[in-house]
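Scrolling down, you'll hit the structures one after another.
Two complexes follow with chain A in common, the first pairing it with chain B and the second with chain C.
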Partner chain A sequence: MLEALRKKIQEIMPQVDGVIALRRVGKGTAPHLFLPGDDLSELALSPQFPLPTPVRIIQAKYPDKRFAVVVRGCDERQLVEMAKRRQIFLDKLTMIGVACTKEQAEYCRCEMPFPKQVDIGETVEGIPQTFLDDFLAKPREERLAFWKHAFAKCIKCYGCRNICPECFCKECVLEDNLWVTSGTVPPPFPMFHLIRAMHTVGKCVACGECERTCPADIPLTILYKLLKRDVETVFHYYAGADPNEPPLMDSTIFLADMDMLHPPRR
Partner chain B sequence: MEYRNVPTICTYCGTGCGLLLEVLDGQVVGTYPDYAHPVSEGHLCIKGWNAGAFVHHPDRLTKPLFRKGNDFVEVSWDEALERVAGELKRIRDQYGPDAIGLFGSAKATNEANYLMQKLARAVIGTNNIDHCARLCHAPSVAGLAMTFGSGAMTNSIPELENSRCILVTGSNTTEGHPIIGARIMRAKERGATLIVVDPRDIQLARFADFHLRQRPGTDVAWINGMIHVILREGLENKEFIATRTENFDALWEVVKEYPPERVEQITGIPADQLAAAARAYARAESAAIVYAMGITQHTTGTDNVVSLANLAMVTGQIGRPSTGVNPLRGQNNVQGACDVGALPNVYPGYQSVTDEKVRQKFLEAWGAAPPARAGFTVTEMVDLAGVGAIRALYIMGENPLLSDPNIHHAREALERIEFLVVQDIFLSETAQFAHVVLPAASFAETSGTFTATDRRVQLVRQAIPPIGESREDWQIICEIARRLGTPAGPYGKFDYAGTAEIMDEIAALTPIYGGISHRRLEELGFLQWPCRTPDDPGTPILHTEQFTRGLGRFQPVHYRDPAELTDKEYPFILTTGRVMFHWHTGTMTRRSPKLHKEVPEGYVEINPLDAERLQIGKSERIRLVSRRGAVETKAWITRRVAPGVVFMPFHFAEAAANVLTNAALDPVAKIPEYKVCAVRIEKITEVERPEKLVAARAGAS
Partner chain C sequence: MSSPESNVQQPPYEPKIIGFLCNWCSYAGADLAGTSRLSYPPNIRIVRVQCSGRVSPELVLKAFHEGADGVIVLGCHIGDCHYIDGNHRTSKRIPMLRQLLAYAGIEPDRLRLEWVSAAEGERFATIVKEFTETVRELGPIKRVMVTG
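Let's turn to the complex of A and B:
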């Protein structure tokens, strides 16, 4: 797969100003901007690392350049939601779609482990979300105790927010003492976590990066996948599915006018 | 156009988490966790996530400065280096090398610290080199060396999550070392018994099977009480004691005087709970002790540490995976700064300066070495500066004017000194008193190695060039050394192509680092010392077959009261410590917007019962007074502290806890008693009425 990706990038490079992809660094991988003529020997595909935020950062500085980006299913859906809120620009972005392996899909418990257009890899089926039903089948007291215990472990690193490509507000309400008492660990139950969850409604594609970076092993994916399912059931809105559909809630556009978001770049 | 991520090591605590500095066109624009890092595994705390936030701060020092009256003027590097070298030379010639003192830095790399002590010893000719380890884990270095022969964390961080019992004491781990704290919570979820001995109701205490709340300063008593229970009930590990230790007979003679009932009177810990916790620790398949400043920052700091060592040895809970005595070192490189000899009594690798053979070795290697007597410690150097015995101080990356106990005294001393050079990234409280300020590069702008608390040596990679005209620490030291004249030994030069070459020199002269090189670290990711040869894989667990000193030595000690007790005039015990969101004297974290926002100012924690008795309201400004000084700060009414105890974080210059703290020293390790002093609380204003508060809040928003 990596060799196929390398070929694909070499093929696309003449048409773009750079390709945003993973590169081997140290013992792992990290986002990197490969420029025309760069050595691709350190190109990598795994372990995974979310790329939409680097796209936002690079496009913000170079709005007129054309980039390509290597995307998995979740990356693509995140980029679509970001584009709806003017955080990235799809017309200046070429996507190189990578289908996740079965192993990867199982690790992420991913419903849709592939982007719309697959350039690299073989598409595998999504993982059924039965664990959500199992969770909901538990008695209410047990579920409450489960979350109370989980959130009591929180060390307020903000990692869940920081790693999330959909968390791009310049002013974050989680840092506002009015809503979440500042400077206390753990943050008050359940405000910190539920405010964050509500603020991702209609944007969250349930990629699971928040859980992956959580030092306290809080099982955030359950919460976010349940929310995503509710959005789909109640509003028939599928985050990241269609770039031409308006965002579920467009209050963020209003916030952008108030300079609360990272400003539009063009 | 350039965008890349540079893997490096966090600059805050001693956990040694891996992080990626996100660089766009030569600017650090963000931080990501390193998912492949063996300790942090893609996790960071809030400080790690914000580790790059101060790098481009406008307050960064970018040019060398000379003091002119109450102001500073910018000068060229040549001028600054000439003046520093000239003054150091003059003072050495006039008053002798021991009139000069140098501070290494627990924030700087191993390579920079090695050069700093080499400058002191081989060029200036004094052992007056020390750093802030004195203020945190000097008792661990001394106490564990006495009992085990090696003053470092015995086991490795990742092992903790497999431990069957963890005894955490004097460490608010989830705030002080958050990623280690998370491992401890993980161990608990995997079924470990968690024992927390801490005066405060810290986050870990909520998960603990036993939370034993001792009166601050009574640690030897409860540790002896635990050993008492273990021996009385026959729970000791007889085989381990017989084959691996010595001086056991003396132990019972001491601990027999500490039945849990008496311990309860001294410490306030209920006798039955102490006994139950002792049994759980002794019987566990594997039990680890984790501790930090709450154990060491006492006049009995060394006693506390050796008592914990006694407890581990009597139960044989050491030398195996997931056991051991595990001091959590505070700073990113406090372990390394000690390892490479930024201490007044040892050369690199804990080779004693008073050992003539060792001195001869360095004399031959460098071509010069100071007389075989220990130099002065940081606290002593400041005292001696006050009386004129130390004429010049060269301080790299430390801020004693906020970190020393009784800082009024430290300030007077530094005002009096003839020549003060401070090398730092910001104009710290200490730098404001300097005659010459040298602008240094931050961790993002330098390369080298940091050694984490579990003896894990890791590469620090340069992400961007130094800001402005600032220079890397190691380069500045080399410039000064060359101007002073370097000795002629085979390792006497101060002329390196890069930091890899400095590490090669460290490896050649430091047996425990003998097999460490940048090339190997690049290949393996990390190496844990002792690592003696180029094919030595390193040592994750110490004392497995035998102790470093051969047999482990029991050092029974009796309980002594803290230096300062409460009385009618000063009825509260003040204890000090860290909060999650800030770092030490705040020079970096208070310039990181997201960290500053969490805790913008200092405060004091007061129990609701005390607050009610003294009629103190929420967030009311109050005055804390000790025998040494007074500070005004905000009251935070919380059950985290017990009645009679107040807690203050030490990060805030405007409400500096160390105006109040007691400079009484541990007789062995010379650490000041930051954790216990007596204070009283004075009201400044009347309790504000609720309607006034509402009005004030409406006005503010």
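Let's turn to the complex of A and C:
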């Protein structure tokens, strides 16, 4: 796969000013802007790291340049949601689509481990999200106890927010003492975590980066994925699917009948 | 409901309800209920907002966090919002927040969204009555979260 990617990058390089991809650094990887003529021997694919934020930063600095970026399914969908909010510019971006391997998809519990256009790799099927239903099978009191226990481990490092490509606000409510009392760890339940969960609605593509980043191993994506599923089934809004569609909140979609959403009753 | 384990006379549980009412329809509806001398429970404390679309999830969660046992959001009917589509946002945001509360293990019925026009004083009184009873049954918010 890596060899195929290297070839593809060499092929695309003459048409762009640089390619945003991963580069091997020690045992890990880091985002890197490969320029024409650069040595591609340190190009890497895993361990994966989300590239949309580097795209945003690089495009902001060089608005007139044209870049290519290596995207997995999640990266592509994130870029689309960011473009809708004018955080990145798709017309100045060429995407090199990579389909994730079965192992990677399983590791991420990914529902859609491929971008729209696949240039590298073989498309594998998504992982069924049965763990969400298993979670909902717990009665309410158990869910409450589950989250109280999980969130009590939070050290408020802001890692989940910092890694999230969809968290790009210049001022974050999670840093505002009005909403999240500063100076206390763990942050009082449920302000910090439920505010963050609500702010992912219509933007979260379920890449799982927040959860992988969390040093306390809090299974954040259970909440985010449940919300995402509601947004899809009730509002028919698929985060990252269509750059020409307005963001969920800006759209004139509304809930005609309030009984269309059924919160679990037990 | 007084707590059985204490001998000290506890005042019976009276739900505290925060109502976010939009200025243009629902607040006027509440006003009409008042001027028509309709009675409704005094448990609701009304916060007038410019539009129901102003009611961010933070506001609702903060109300719970500060000890509200229930939160009700009232706005203009769809199509009547003074800001055209402010309540379209509300109609997505509040139901989604109800889902989130339920997923997190907090009773979703502590949060309610309704549309009340300036002419619906009676509807306002009925909804507040109903909601107060729902929240009374659910009991104090302290059962699910530490407040204050």
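Quick note on the criterion: the second predicted complex is superposed on the first by the 250 of 266 C-alpha atoms of A that agree within 3 Å, B and C clash if a C-alpha of one lies under 4 Å from a C-alpha of the other, contacts with A are read in each partner's own complex, and residues count from 1 in each chain.
Convention: a residue touches a chain if its C-beta (ideal position, glycine included) is under 8 Å from a C-beta of that chain, and two chains touch if they have at least 3 such contacts.
This is a predicted model, so every value here is computed, not measured.
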Check your understanding: Is A:C157 in contact with chain B, with chain C, with both, or with neither (first, second, both, neither)?
Key -> first
Review point. Between chain B (first) and chain C (second), which does A:D17 come into contact with in this model arrangement: first, second, both, or neither?
Key: first
Exercise for review: Check whether A:L226 is in contact with chain B, with chain C, with both or with neither, and answer first, second, both or neither.
Suggested key: second
Practice item. Check the residue A:W147 against both partner chains and state whether it touches chain B (first), chain C (second), both, or neither. Key: second
Review point. Touch check for A:G37: first (chain B), second (chain C), both, or neither?
Key: neither
Review point. Can A:K27 be said to touch chain B (first), chain C (second), both, or neither?
Key: first
Exercise for review: Give one of first, second, both or neither to describe whether A:F189 is in contact with chain B, with chain C, with both, or with none.
Suggested key: second
Exercise for review: For chain A, give the residues common to its interface with chain B and its interface with chain C.
Suggested key: none
Practice item. Within their complex, state which residues of chain A touch chain C. Key: 136, 140-148, 173, 178-179, 188-191, 193-195, 197-199, 201-202, 222-223, 226-227, 230-231, 235, 248-249, 251-256, 258, 260-261, 263-264
Review point. For the complex, which residues does chain A have touching chain B?
Key: 17-18, 20, 23, 25-33, 35, 47, 49, 54, 57-58, 61-62, 65, 152-153, 155-159, 162-163, 175, 182-183, 185-186, 212-217
Exercise for review: Under the touch definition given earlier, write down the residues of chain B that touch chain A in their complex.
Suggested key: 1-7, 18, 20, 22, 24-25, 29-30, 32-37, 42-46, 48-49, 174-175, 178-179, 181-182, 185-186, 189, 203, 206-207, 525, 579-581, 594, 597-599
Point to revise | Touching residues (chain side chain C, partner chain A) in the complex | key: 57-58, 61-62, 64-65, 78, 85, 87-89, 91-93, 95-108, 113, 144-146
